[in-house]
Amino acid sequence: MEPIVVTYHQDSRPTLKRPILVEGLPGVGNVGKLAAELVVDQLKAEPFATIHSRYFPPQVIVDDSGIIALVSNRLYLSRQPGPHDLLFLVGDYQGLTPEGQYELADCVLALAKGLGVERVYTLGGYGIGRMVEEPKVLGATTSAALVAEMRAAGVLFPEGEPGSGIVGASGLLLGLGRMRAIEGVCLMGQTSGYFVDPKSAGALLTILCPLLGITVDLADLEAKAAQIDVITSRIREIEGGETSQRSREDLHYIG
Amino acid sequence: MEPIVVTYHQDSRPTLKRPILVEGLPGVGNVGKLAAELVVDQLKAEPFATIHSRYFPPQVIVDDSGIIALVSNRLYLSRQPGPHDLLFLVGDYQGLTPEGQYELADCVLALAKGLGVERVYTLGGYGIGRMVEEPKVLGATTSAALVAEMRAAGVLFPEGEPGSGIVGASGLLLGLGRMRAIEGVCLMGQTSGYFVDPKSAGALLTILCPLLGITVDLADLEAKAAQIDVITSRIREIEGGETSQRSREDLHYIG
Amino acid sequence: MEPIVVTYHQDSRPTLKRPILVEGLPGVGNVGKLAAELVVDQLKAEPFATIHSRYFPPQVIVDDSGIIALVSNRLYLSRQPGPHDLLFLVGDYQGLTPEGQYELADCVLALAKGLGVERVYTLGGYGIGRMVEEPKVLGATTSAALVAEMRAAGVLFPEGEPGSGIVGASGLLLGLGRMRAIEGVCLMGQTSGYFVDPKSAGALLTILCPLLGITVDLADLEAKAAQIDVITSRIREIEGGETSQRSREDLHYIG
Amino acid sequence: MEPIVVTYHQDSRPTLKRPILVEGLPGVGNVGKLAAELVVDQLKAEPFATIHSRYFPPQVIVDDSGIIALVSNRLYLSRQPGPHDLLFLVGDYQGLTPEGQYELADCVLALAKGLGVERVYTLGGYGIGRMVEEPKVLGATTSAALVAEMRAAGVLFPEGEPGSGIVGASGLLLGLGRMRAIEGVCLMGQTSGYFVDPKSAGALLTILCPLLGITVDLADLEAKAAQIDVITSRIREIEGGETSQRSREDLHYIG
């Protein structure tokens, strides 16, 4: 079996209108995953390709009816009335090893390049180690022109952040994309880093959707965020105003 | 040396009657391994092929007469009077790495497909973190029709279980098998997860044997289960009615 | 660069007299390494080939004059007046990963087969978790005939030992050798497993040398063993008759 | 994508004057990295090639203007009036795995050999586990003649040091270089091993620069060293004259 196997659900080389790729795989606070999956659902984007790989865990997911599916990454396609059709990369896992991360990102970019993708947005969380009421959206890009464009859209570029760079698919799709002349933007929603963070995903979409020329309903994310707020408030009460390290860890696992 | 080496003990492409593959490799509580090895023994299934691989540990097993054997997975064949001949996959280890798991499962499926295998049963334990008097058998399959068939055979499909999916050979043989149009069922015997569990293996065989059209004598498993019961009862007495985390761990290693 | 690089120091295909390969790489108590290196020194065996590999650590050794050597395994050759010429495999490390272990053992066996090697002795320590005054030598072989031959030479084959099999080069050279029709014997000197054990290496050589038709002077090993005895005695005094877990660990690192 | 990708910024096979390669990748105390990067800056060495690899972490670095760069190793070239042009190898990371270390070192050496490189200097720190006022420079080389040459230049070769050999690129470039007939010297500045050590880098350059026939201004390193001295002095005061294990760790992370 090949290290990476791509299965197409439709024509593997459709004619697309200057497509843009949006990546939202699992990561810090699952911010990118929550954001991308909500857009895929609301745009009713169609399954385009499924990626299986020995770089993923050797695992199947079982759905509520008892039917299994091998863990995967998935590409969805949404044709848009505006100037850019949209592709979305979502999935159960990122590659488990550095080698796997590089190979998977390279595979997605080769596929994207073949479809004429001009730009990639990668979505993620930016863990800041404390609760955040109004999460801001930070950015990193492949060019100065894109920095300017993103600043105008409300994205922040604080000097020295993120100091540790960007690890995983959100970083590699930009770094390797640049080598293929695909421009890229990473959008990072501030998040505590301790649990799944729908509020941060909402903040991210508030910036992203105008950039993509789409509108989505954030009610679902807001409802989930409210649930999380209730849990964290309760913990704060118990702990006397401050969330202890221990409770944060609990929340992380609840999350 | 090739990453995986298959050695045949008989004709590598025998004519088989709509064969079914049953997998029982080491795993949670060794439930699947105990079940599959008992059937292989009682059916006097013949060695069909041995699989060596660098994905297994670099280790030889030494038998009671002092003779070594390289660790392996092994396929056994049992021709049946009923409609389906049977193949069994048993062995010392599963692949050590995700890559190894994928490659080994793929190798077995290629071999099974070549023999005309139509269905695979994978056997495993489902760890629930506490002692269980009457272990039930849970299932996951590759199709709704199979879910219905298994329900009729007494297999349970509780919604949301197993929440973490199925990891290892028992999952991959289904997930990758589906891509080769081999239908599959994973049967999981409930088990504490703390030690080797012959009782759970017995429960699993009570469901499986009618499905395969065979009968086996469970006396051996019941005797082993009784031994384990004695040990766990003693621990419960010492601990005052509840098995402590520490004792469970001890049992795990005894197991 | 190839994963494994073999450099020959003399004719790579010399005419040898029914050669026997003796392996003594680092392992439990470095028993095999101590034994094999002593024989290489005393027989003045000649360097035959050096093996470098990315399966070894990325490391150079620095000698007392400040000159580096890339870590390696090394084969030495000793032509004998008796019926069998001798090859020795010694080195700084075993392969770091299972894959590396398999590939390195396979490489050595291919080379050995090409030279006409008929039998391999692998040397190791058998950790028993306590100090041992008179270490015995246990065995495992590739055939019943060899078990009988070794028993006659004083090797023990206690039923059920070693229960965990034989891990690493000493196991693989037998397991993979068997697949190449090279017969094999693993000789294991009992050792505490807590530190380097020249006494166990001496016991091993007392069995091995007659089998190889050679004689060696064990004075060096005996002197080293006496040094270790002094250290362990001191620790026993301090600890009040029993070596504590902590001290054993210290010794391990001193070793 | 290839495991290692080399991108040239100028003619990949320029005519060079008996070039010497100097390596300063991250390592103990970042001594080699600090030293090499200072020389690259002061000589205004030109970017010659960039190395990307799946053996590096899957990560991009973000600069102060918000623009990303895939982690890499980089080669710089400085044409010199003296007899030897200079090549420098610097970068964000060393290879993450042994395999990666070997492959990357081999790739650099192949490239260096193609350019006619005759000698390689590898720079590193030698951790001694305590603060050191006047760091000395230790050496290891590929030949006795080089040991003599380096001794004359002030490099120390204390017997039995470094006892654990040299791990990583600084070792492999010598060990693998020797196999390609490229002579090599590893220069190691003594350092505590607890934090980034510009003082040790300065000591190293005091030896290295005359060997390369260049002069550099060490003011920057001295200023950084003074900062570190202030911090460590403060900690010593607090701790009552001795730096505690805990504080050393803090410093390490500050570093």
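The letters A, B, C and D name the chains in turn, as written, and every chain counts its residues from 1.
By definition in this document, a contact is a pair of C-beta atoms (placed from the backbone, for glycine too) under 8 Å apart; a residue touches a chain by one contact, two chains touch by 3 or more.
Here the structure is a predicted model, which means the values were calculated and not measured.
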{"item": "Distance-maximising chain from chain D - centres being C-alpha averages", "value": "B"}
{"item": "Distance from chain D to chain B - Cα centre to Cα centre, in angstrom", "value": "52"}
{"item": "Between chain C and chain D, centroid-to-centroid distance (C-alpha), Å", "value": "37"}
{"item": "Contacts with 2+ other chains: residues of chain A", "value": "none"}
{"item": "Chain pairs in mutual contact under the definition given at the outset", "value": "A-B, A-D, B-C, C-D"}
{"item": "In the complex with chain B, residue positions of chain A that touch it", "value": "1, 3, 5, 7, 52, 54-62, 64-71, 96"}
{"item": "Touching residues on chain A, where the partner in the complex is chain D", "value": "95, 98-99, 101-103, 105-106, 139-144, 147, 157, 159-162, 165-169, 171-172, 174-176, 178-179, 184, 186"}
